[in-house]
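Here chain A shows up in two complexes: once beside chain B, once beside chain C.
The block that comes next holds the complex of A and B.
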């Protein structure tokens, strides 16, 4: 495994190198002079422009600029953002990332869960109304034009029915007396989610270990108790209403993303399940007289999970990359909206930083998928 | 808080700073301007709607500029009395020291961006506080209106007490770049205000909020604009001021200064569509956007209850420019013929269905103080046949000849004979020329104009081809390379029309200069120089009128059109004392200190 990981990390570095090269070439290839764009930006003080010139080697030949670009990227030096001067690019990206993660991890998790449940169900009972309804509606939604569909959702649920906010991630009227920033609340929400996940994993592990003495039955109450403790902690913190406000603003984008993307997971799960149910071990489980639900959930579905997990991890990365549209429509100021604004305002350092950042996350996701494979399926061994 | 009167505004881009030094420096975005407006005092400002130059923190107009020797140097100086009783929101007085501090920091730290045009290092020497309420400003040379009355006098004054420690830290930071960086990077917390509002909070990506300045000096002042041009401002028991004539007779406008809102919240939306939906839903009262509402969004808002849509001319123009370095563009008769052939009214009203407004001078009509409505409007009201006849007459008169002379049908409905073989007065054929203009994807209005202009020119035998291309390429060709024949672009314009000098004075005709067409007329240069050196507002106005007249006749540009700026607000909740204003309400950042609630 260690050798495999080493090999994969080497490949990852090579791919990252290619990404950086392509990014550099793309920026160089745009109309106008890249060097003068940096060096002549009138918004920046002349001395800062000089510093830029030195930092990026703008008065040197292109190949030298390229080498400097690689060195700067490796050291995390993307320079300062033109549009957020004098803030460094990494600072801007770090501020926006938690918002994107909270929204898209939630959306992807919900979409994955819904898709997986439905996929499992329609594969098990083929030819029923559920299969036709889920497949047709899922496929129709999957092919919907995202911005139009998102606007339609806003129009129905926010404007016409007035149930949910039009966009943004918070209501100024709720936040105007708050003493904390939204970034802190987002970070705390992420921390809470991570803590709950860790607790859930621990409970799951413990329940499996104590299966023989009937410990599984205590897992659900334990999880509920954990959730209750966390909810209580939020309530007592005095900022629970702020987290609730964010959650309220998340409902519409999460619902939209779920409706658009659950079909992918659903169909993948269905196909994977259909292959798995033909396997001998499923027949053996049935022959042993195990209940239908147990055969489906614990024998067939678990083995059908592998390709679905791959898809999940990739969707998480795509979520960050493809968030441009959704974040614009829902006024959710994460990485996507930042990238769009940077392109609009020709904030080149921020554009390059965001692209490299997304590329790096994609590579990391690939690596995680490979490692996760081994964890999920003991049959897979890397050499 | 419950019951608060909150003025809710929608914006479509986030702020990039709340630091006023940085806002007027490298972070000079429109959006920062919207939010940070109305928080800092200024010596002089523009009056509402009519843009008269009036005292604000100053008690009256400044003393005339005086030449004097200071420390062996000859300087120009002026004195200004400040109003007494104007306070920062922390309760301390706004004094001459605050002005001195702000101007000196801008000078000493060589602040960039808009600062050099406010505190021009070529003119500003230093300022002194003769006493807390008397300010004396010294200039190295005699400053014109652009440098003093419409430059330094508009400088936002920052609190010395708050900023002095920050500036002291910046000065320790090393070289000048580092000093600027430290100053720009400071995030103000609890910075006092002397405007209508005190900046309260910026939740990045979500909203910004300003709270009413309870101690705002001007609250309750009554401003009156008289039909005879006079301006009056009264705060009972505090001060009374009038200018530009006797304040009597019919009142064109009268309003009371607030703020009447307890707070102004700027919600940040990701797109115009989302902002419009928020406006329709009632989440916001007004949407700030420098371009106003697009046609599609206007239609979305049509017929909605509780909303009022207003339309104003924008403070910018689109124009056709000539390259004077090449014949026949250097021939005035040729330029007038081109101007005559362009039927702006037909294009704006018939083809573009009223989405553009034809204009004939560089100073927009809404800029009432400086606009000359009597400039020659070449071609206005002429029929197609009359235009062609006039263009032929002009060209013939200048010595141009045709192999086939253009001729309209007897009823003037169509070209019976297209012009061919046009030759210049020296006998050489008029070379094929190109008109570079933005493509339809970037600006359908300008590309439409370009296509029609090509057609009209070709009809009379002028070999012009419209070359619709990318905006950046046009800018590069016109300003960087100066390799073109004619071009169509636009300018956003300031209220004070010193751009008449920078766009057309021959000193700016070099590479990267604003006078990209290379227009050079010594007579105009003299006019522009005089205007720049003028220190009297009335005299400057006369000069600007003459300059507009000159340009409308000499035609370095054919000024084409401007676009109306359309805005919508929730009239069931708020009201403004006036809605007719150049550039729309967004130009005044949504009139936060004047908006009232129903």
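The block that comes next holds the complex of A and C.
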């Protein structure tokens, strides 16, 4: 496994190198002279112009600029953003990237879970009302035009019903008197989520090691207690309302993304499940006298999951791509919106940085799914 | 088991997979069921455990286990009968083991579902015992199915079938996928285990050699019907039904005189549209107009009987099919 990881990481570095090169070529291929755009821009103060020239080697030949570009990327020096002057690009990205990751990881997780549950259910009991309702509505949503559907969701739930905020990351009125920054609150929220996940895996691990058969206690009360403790900690911290505000802003985009994409997982799970239930080991599980739910979940669905996980790669890449559209519709200040803004304002350092990070993110997601797949299927041992 | 019938509804119309099959099985007895592919052997096994696909419909009959009717049991109670009372050795051992779990876990799962053991530790000890019984190193428990050879997998499947001390084990082609040497060894072990544990076994096979080696009685199936049933030795010595004779002469005998192997010509009949009268008449050397028109009577000699108009032993007399 270690050898496999090492090889994958070196492949990733190679791919990243290609991404960097293509990005550089694309920016160079733009009409107008990249170098003179900065070097001669009278809007920039002279000292900044000088600094830019030195950082990007703007007065050097193109091939040297390319080498400088590579060196800058490796050392994490993406220069200074124009749009967010004088903040460095890396600083802007470090603030925006987690928001995108959280939004899309939660949306992907929710839509995968919903799609998998529905697909499993409709394959197990064929021909019910659920099958028709889920298939028709799922397919309709899957084929819907994303921006139009997102706007419709905003119109219904934010504008007409007023249940949820229209867009953006937070409500300025709530944050006016806050003495903490949204970034630090958000980081704390991430930390909480990570802590809860660690706790949940610990509990499930412990309950699986239980020695008594039949008298196994459910882990749900313990998990609820854990969640309650964390919620109480937030409530007492005095910044709970701020975290709640961010959460409220997340609901609509996550729900929209889920509705748009769950049908893919659902239909794939359904087909995969219909194949799996014909397998002998599913009949063997029934013959062993296992309860119906156990045959369905532990054997049929567990094996049907394998090809579906492969599709997770595509939905993750789709999510990262789609971040540009979805984030701009919901004014969610993540990396997609940042990229769009940067392109519009010709904030080239930020464009380059954002593209590099999106590429890096896609590669990372790919690696994570590959490793996940190996964990799920014992027949696969990477060498 | 009496008068069991089974129909599959298919696109080609209704297929009558089993027609009025009846037999009984004593405690500790080994019964063989033989016949060509598609004669209803596996359907019979699945009917006994109620594991039929959705398009199958029982058509009459009853399965009695210690006087209790299984076909009318609620699903939840039937679930408890499966494996605890009747278990199954599947014909394709590779496919009947779930590829994503360790094989020990899959045996453990059955033990847990039926509450045969109190703690995980004792259940694991039980699995280890079973593995030793079928000639496997208990460490094999930690392996995945794809890491085992065909013979090892078959042993795991046998250990799994024995895991809840069942009364009846149905072995559906237990050794067909294995090479002859492993096949023979596993059959011997299965027979020894049967004697040791006092369980009843139904061997389902198309291999007459297997039947001769391990069974007490044998039933011959043709086109969804049981056409002959009797003590294995008696049936082999002098079959009553022409089909039984044809089946036997298509296998070589080691001790008997040298002879040409006869192969039975023709195909088993289409069960969606079975022939009139005796289903075997289109392929039978002794068939007459009577066979084409009317269902054959049951004739017997001692404990052995067959359904035939022209039994091979003229001494056979009509018996009451009760």
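Everything that follows uses one rule, which is that the second predicted complex is superposed on the first by the 364 of 383 C-alpha atoms of A that agree within 3 Å, B and C clash if a C-alpha of one lies under 4 Å from a C-alpha of the other, contacts with A are read in each partner's own complex, and residues count from 1 in each chain.
Throughout what follows, contacts are C-beta pairs under 8 Å (C-beta built on N, C-alpha and C of every residue); 3 or more make two chains touch, one makes a residue touch a chain.
Just so it is clear, the model here is predicted, and its values are computed rather than measured.
Steric overlap between chain B and chain C is absent once the structures are superposed on chain A; the two fit side by side. In the overlay built on the shared chain, the residue A:283 is in contact with chain C alone; chain B does not reach it.
Judged by the touch definition given at the top, the superposed model places A:341 against chain B, while chain C stays out of reach. By the touch criterion defined above, A:303 lies against chain C but remains apart from chain B after alignment on the C-alpha atoms of chain A.
Measured by the number of chain A residues touched, the leading partner among chain B and chain C is B. In the superposition on chain A, A:176 makes contact with chain B only, not with chain C.
Touch criterion met: A:328 reaches chain B, while chain C stays clear of it.
In the superposition on chain A, contact of A:294 is made with chain C only, not with chain B.
Per the superposed model, the minimal spacing between any CA atom of chain B and any CA atom of chain C is 47 Å. Listing the residues of chain B that touch chain A in their complex gives 1, 6, 8, 13-14, 16, 22, 25-29, 110, 112-113, 175-177, 180-181, 184-185, 200-201, 203-207, 209, 263, 265, 267-271, 273-274, 277-278, 280-281, 283, 470, 472-473, 476. Residue ranges on chain A touching chain C, taken from their complex, read 210-214, 279-281, 283-292, 294, 298-299, 302-303, 306, 376-379.
Chain A makes touch with chain B in their complex at residues 31-32, 43-48, 50-51, 83-87, 95-96, 99, 151, 154-155, 158-159, 162, 165-170, 172-173, 175-177, 181-183, 327-333, 337, 341. Chain C contributes residues 49, 51, 75, 79-84, 87-88, 90, 92, 95-100, 109-115, 117-121, 123, 144, 146, 160 to its touches with chain A in the complex.
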